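Quick heads-up: structures coming right below.
What follows is a pair of complexes built around subunit A, which joins subunit B in one and subunit C in the other.
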Partner chain A sequence: MAASLPQLDVAKMQMVQDLEIEMMSDMYNRMTAACHKKCIPPKYKDAELVKGESVCLDRCVAKYLDIHERVGRKLTQMSLQDEEAVKKLQGEMPRV
Partner chain B sequence: MTSEIVDAAKIEAEQIKSFRDFLFSYNKLSELCFVDCVWDFTSRTVRDQENNCAVNCAEKFLKANQRISQRFQEFQVISNENALAMAKKAG
Partner chain C sequence: MEESKTDSSVGFSPKEMDSLMKYFVGNNCKYREQIIIPRTVGPIHIKSIDEKRVEAVFESCAFKSLVASVMGYGLGAALGLFSASVSPNITAPDAPQQTAKEIFRDLKFSTLSYAKNFALVGLMFSAVECTIESYRGKGDWKNGTYAGGITGGLIGLRAGLKPGIVGALGFAAFSTAIDYYMRH
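Now for the complex of A and B:
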């Protein structure tokens, strides 16, 4: 992500890095909440994670990260397409 | 000397941030366990059953978080290794 950006000074790099860390921790918090909701039924007779809940959590984390990546790829692709369309439009503008 | 002061300020800011995170997760946990465990409002005292439920809820929440954190770390290690391998291939 940072590699694709043009040369930035140290302060800006730091800001970008901080933002990336913040986004990562936000993603992590959302994932925790989502997997808890999907895997732990709201009956607390016992404080131990049962086998099924543990397996569910493992798969939930894997799937969440997978989806996170897929959505990221889709967004990148869409924004690239958008940029190209805008460029095309701007190229056509003067002729009209 | 000045860099020491800056470092100290940074460490303090990090400590405050982690304390903040802790307080937020405490609030979230209270909300979750209250919503899941307390249904009866015919009395203002917490019943034994509600108390057991809330205590189990908190313990289970922490265990689930530990497990999620372990899996997440494993994925990060793998994705770092992949990124390194890709960089080696490209470089």
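Now for the complex of A and C:
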């Protein structure tokens, strides 16, 4: 279910793009921090990624993105329900 | 984003915020032309699909076991040649002197036998260790111990249950010792 942007002027579109970049980079930083904390032990003697660590990182990133998608879907679903509830409420109590 | 004094600051109405939120959070399968990765320290190198495929082959469990078995073959051949040449072949006193051809045949037999055994052990150990490491997702010392235990157990089980257990424990201890020596 792809949502589309409402019609916005140039300044707002600029801000939307800035917001999107900030959101993506925030997600990237959080994902890196979380997977680093989970998969790489604090003491190591080798700069290269061991096979076990790289397998763990693959799984961590896949899980993170999957959760990101599911939570996003749930959030949009909840916001749709909220919108419908608000519309119903406004329909019942027409404002003068 | 510069905000001059004459422009009013950009703000969104709640309705716009709502639809923006749905756009940002809900669209996860959007096609993006540019991959932007924030750069903190050092250059960011995005690997091409061919590079990833080649790396996947070279880091796979099968390739690693193959390399280990080839190295085992070489080591076994050298050890077999050495051990056959230093061990005396005592025959009956009245038997004819061994010809060079027979000695070479004996050396070849011993070399090949040792080489095959070492190659098999190397292949098994490496495959088991790689599988365990992929399953656990960690790269610590216990992988070598578990793999040694399983390999030693499998080798020893050919001679019965008790040799299997003894072989498992012995090989696990040997593997742990070698790992400790290699890491410290």
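Here, the second predicted complex is superposed on the first by the 90 of 96 C-alpha atoms of A that agree within 3 Å, B and C clash if a C-alpha of one lies under 4 Å from a C-alpha of the other, contacts with A are read in each partner's own complex, and residues count from 1 in each chain.
Keep in mind that, in the parts below, a contact is a pair of C-beta atoms (placed from the backbone, for glycine too) under 8 Å apart; a residue touches a chain by one contact, two chains touch by 3 or more.
These figures come from a predicted structure and were not determined experimentally.
Once the two complexes are overlaid on the shared chain, A:Gly72 sits against subunit C while remaining clear of subunit B. Of the two partner chains placed by the overlay, only subunit C lies in contact with A:Ala11; subunit B stays clear of it. By the touch criterion defined above, A:Cys39 reaches both subunit B and subunit C. By the touch criterion stated above, A:Met31 is placed in contact with subunit B alone, subunit C being left untouched. Once the two complexes are laid over each other on the shared chain, residue contacts for A:Ala62 go to subunit B alone; subunit C is not touched. Contacts of A:Glu53 after superposition: both subunit B and subunit C are touched. Residue contacts after overlaying the shared chain place A:Ile21 against subunit C, while subunit B stays out of touching range. Greater residue coverage of subunit A by touch, when subunit B is weighed against subunit C, goes to C. Applying the stated touch rule to the two superposed structures, the overlap between the subunit B and subunit C interfaces on subunit A comprises residues 25, 28, 39, 45, 53-54.
By the touch criterion given at the top, residues 1, 7, 10, 12, 16, 18-30, 36-38, 59, 64, 130, 133-134, 136-140, 143, 183 of subunit C touch subunit A in their complex.
Residue ranges of subunit B in contact with subunit A, taken from their complex: 21, 28, 32-33, 35-37, 52-57, 59-61, 63-65, 67-68, 71-72, 75. Remark: subunit A residues 25, 28, 31-33, 35-36, 39-40, 42-49, 53-54, 57-58, 60-62, 65 touch subunit B in the complex.
In the complex of the two chains, the subunit A residues touching subunit C come out as 1-6, 8, 11-12, 14-16, 18-21, 23-25, 28-29, 39, 41, 45, 50-56, 59, 68-69, 72-73, 75-76, 79, 83.
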